[in-house]
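Heads up, the next two complexes both have chain A, just with different partners, chain B and then chain C.
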Partner chain A sequence: MVVNTGLYAFNVTCAHRQITPTVNSIYGDATPPNTPADFEIKVASPSFTRRFFRPQVSFYCDQHSPFKPLPLAQAYALLEWGMNWCIATHDHTRLLVHAAVLVKNNQAIIFPAAPGSGKSTLTAYLAMSGWNLYSDEMAIIDLESGFVSPLYRPVCLKNNSIDLVKQWFPESVFTSTWKDTHKGDVAHLKASSWKQYIQCKPTEIVAVIFPKFVANSDLKIYSLDQLQAFETLSKNAFNYGVLGNLGFKMVDKIIKRAALFEIEFGELCDVQAFLSEDIIR
Partner chain B sequence: MSIFSNQQLASFLIAPEGAVDLPLELWAKLILIFRESKLLASFYHVSIAKECFELYPEYAQKHLFAASIHASRQKAQVLFESESLRVLLAKIDVNPIFLKGANYILRNSLNSEGRIVSDIDILVKKDEIENVESALKSALWQSEKLSDYDEKYYRNWAHEIPPLFHVLRETVLDVHHNFYLPISGRSPNVILFSSTVETVAGGCLVLGKAETVLHSIIHLFMNEDFTNAFRDLFDIHLLVNEYESSEFWRSLEILASKTQFEKELYYCLVLLMNIFGTQEPSIFPKLRSRYKSLYSDFFINKILFNGIMPRHSLLNNYKNSTSRFLIFIRGHWLKMPIHILISHLAIKSYKGTLEFLFGKYFLDEK
Partner chain C sequence: MNKYRLHPKASNAVMDDESGIALYSECSGRSAFLKNQHQKLAIEMVSNKLPDTFSSIDMQSWLNIDNEELLKLENWLVENRFIVKHS
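== the complex of A and B ==
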């Protein structure tokens, strides 16, 4: 089974039966890639006994398993995290930043953020409200042009935001909810189709915005200086250490060209209004 | 059946232009094999040197190039760490000799291009070990908590102390006082190696040329673990090609004879010629007349030849796995006297059985 995420193709050589229908529901509409897969991956039991005795699964990239095994019920979430790991540890030809990327009018905004900041909820909300979803997890930035490329992946929602997004967008396509993972309850939202994805082209980054959800808060906007933005952006880049000078130069280029803000928000519609009116031209 | 033979894999490394017309499906497999055997970035560098990288399909170029960026970063890291270690240990009047990957990178030998380095190895005098360890530990180098058994293994029998890692940078450091376990009775006289060290730009010490090659040979042929053996043999191929001269071969021969690793040198030369097509050196006929036998032919051409094949599911077959198992047994056999070996294997296999049954992390502390 080949999973095509656009920039990277994964050959899932041995997936647990349980996850095949989920993979198909999320990636089934993608065209098969015209080159061989970039990564050979599988989700399988770490030992024979663990198929039966407190069943577990491990993620394997080719011959190796980078993480500890998880309970069988979390197999699909493990596959998604494993795919992130493959990209982050192998593709050193681009700057990879832990950030959501959303695009409107050919202008990209990247949202680097810590877990619990409401980044994925914001991503889901914007993606379901007419923005182009480039990524929920990883900004993939070309080292020459500085443009960010789209990735065909679902949005990973956690805990309360799963039900919220389902309420706001009753027609949305979700995987089942995987309970009690290390990130809490997790479900994946298919927020775009392959048809939409292939319309997305590498795009210039016009803003870097660090979001933070604060319950019941009014929208607060803080302008960031370049030094603060540099520090936070480089800290969020998975392969900043590997790229060395190349990474330094690219982060420098981004912060000098993009608008830089930190925002605190309680309501997503306020954020959308701010982005559409003040950031996107 | 393996999809590539040892000679085919070697031919891509010595004549990378041969990969230009490879179909994409085979490229995908070759990339997996070379990535697994830590040769993908080396492959990038040989293809650049032979000016055929640009002729490769884009799919291959992107994987090779990505691997080379990672390797360049490691090279910079090794240079940085070596200099920091030199400065740190100079404060206690110790000048460590850098070994293996760090040695290649510091001396900038051809095989250091794209060389993946998993740890930094240094050699210090045995009576300096205690001071070195405490100096390192007061400078953010720490060791993992080991089981009492593993601690005893390192302290009583091994040629190195338990590995250290840097708390902030996570670099792993092996501090050696010899090249092979003293308990084996085969550890060489270190002075034979340390009396010919070279100083590289920046002031770090590395082994001399012949000493570098003999250490690589000892490391490869006395080891029970053949995981990186194919890469290690390629290292030696590039080193002997680069340093080739009648004086080099003579020094290597004398050193191997003084340290009693002539037989290993012979094994190595046979494999180099068989697999990498290395030119037969002038010292070879003498070694052959001394060490060629039915047993050594079988051992080299069957066991070592099959065992050295990169360990990848696309190449694995019963011959490779049997050979690796025999090499594993032999490696242990060489390491320790039989009474210590039996208890060592009993303890290790008990742990291995638990992990086999209940998963790799079963014995970890919760």
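== the complex of A and C ==
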């Protein structure tokens, strides 16, 4: 089975049939890629015994298994994390930043954030409210133009945000919820269609915003200076060290072109209003 | 007083908003972020890059740090190949 995420294609072998319907529900509308797969990956039991006794699965990229095995019930989540790992550890032709990317009026905003910051909930909300979803996980930035490219992937929701997003957007396509993973409960949301995805083109980054969810908080907006943004953005780049001087120059270019903010928010609609009124021109 | 220049395999980026200087060393693979604590840095950075040579006193003035901190910083920047002593 080939999974086409737009920029990268994965040839996926699944030893467990129950993953296939979920893969099809998320990626089934994508057209097959025109090029050979970039990655050969597999989700399979780590041993014969583990097929039957407390069944487990491992993720393999070629012959390499970068993670510890997980319970069979978490196989789809493992596949998604494995795909992230493949991209983050192999593509050094672009700057890869751990960040969500959303686009409106051909202007991209990237949201680098630590786990638990509300990034994915914010991403889901904006993506389901008319913004173009470029990524929930990774900003993929061209080293010459500085433009960010879209990736056809779902949004990974965790814990309380799963039920919240289901309440807000009950018609959307969700995977099952995988319980008790190392990130807590996890479900994936298909936040855009292939038809929407292919309309998305590489786009200029107009703002870098570091979000932080604080329950019951009013929206607080802090302007960041360029040096703070440089340091934080470079620390969120997966391959900054590998790219060396190219990565340094690209981060410098981004922070000198973009508006730079840190925000604390309790309500997503406040963030959307701020972005639409003050950032997007 | 020591005089320094940027290491030939180091890059620098002076922030447009005068918030400081970012350095990257290709030899050590490390970055350094030197925050501007003093308006003198902004005045001296008019060309948007570090001067060809600069002294310990210049660094102390840019960063507004005491002698002990300055010594530690100079050593760290030299060890990690951001700067070299200029004879």
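Before moving on, here are some points about what is shown:
Please note the rule applied: the second predicted complex is superposed on the first by the 279 of 281 C-alpha atoms of A that agree within 3 Å, B and C clash if a C-alpha of one lies under 4 Å from a C-alpha of the other, contacts with A are read in each partner's own complex, and residues count from 1 in each chain.
FYI, a contact is a pair of C-beta atoms (placed from the backbone, for glycine too) under 8 Å apart; a residue touches a chain by one contact, two chains touch by 3 or more.
Bear in mind the structure is a predicted one, so any value in this text is a computation, not a measurement.
Partners chain B and chain C, brought together by superposition on chain A, fit side by side with no clash. By the document's definition of touching, neither partner reaches A:D142: not chain B, not chain C. In the overlay built on the shared chain, the residue A:K256 is in contact with chain C alone; chain B does not reach it. Contacts of A:D185 after superposition on the shared chain: neither chain B nor chain C is touched. Touch criterion not met for A:E204: it reaches neither chain B nor chain C.
Between the C-alpha centres of chain B and chain C, as viewed from that of chain A, the superposed structures give an angle of 70°, to the nearest 10. Of the two partner chains placed by superposition, chain B and chain C are both touched by A:G244.
Applying the stated contact rule after C-alpha superposition, one finds that A:E231 touches chain C and leaves chain B untouched. In the superposed model, A:D270 makes contact with neither chain B nor chain C. Nowhere in the superposition do the C-alpha atoms of chain B and chain C come closer than 5 Å.
Common to the chain B-facing and chain C-facing surfaces of chain A are residues 241, 244.
Chain A meets chain B in the complex at residues 35-38, 40, 46-47, 49-50, 53, 56, 62-63, 65, 68-69, 90-93, 241-244, 246. Of all residues in chain C, those touching chain A in their complex are 11, 13, 15-17, 19-22, 24, 26, 29, 31, 33, 35-36. Interface residues of chain A facing chain C in the complex, by the touch rule stated above, are 225-228, 230-231, 234, 241, 244-245, 248-249, 252, 255-256. Every residue of chain B that touches chain A in the complex is listed here, in rising order: 24-25, 27-28, 32, 35-36, 57, 59, 62-63, 65-67, 69-70, 72-73, 76, 311-313, 355-361.
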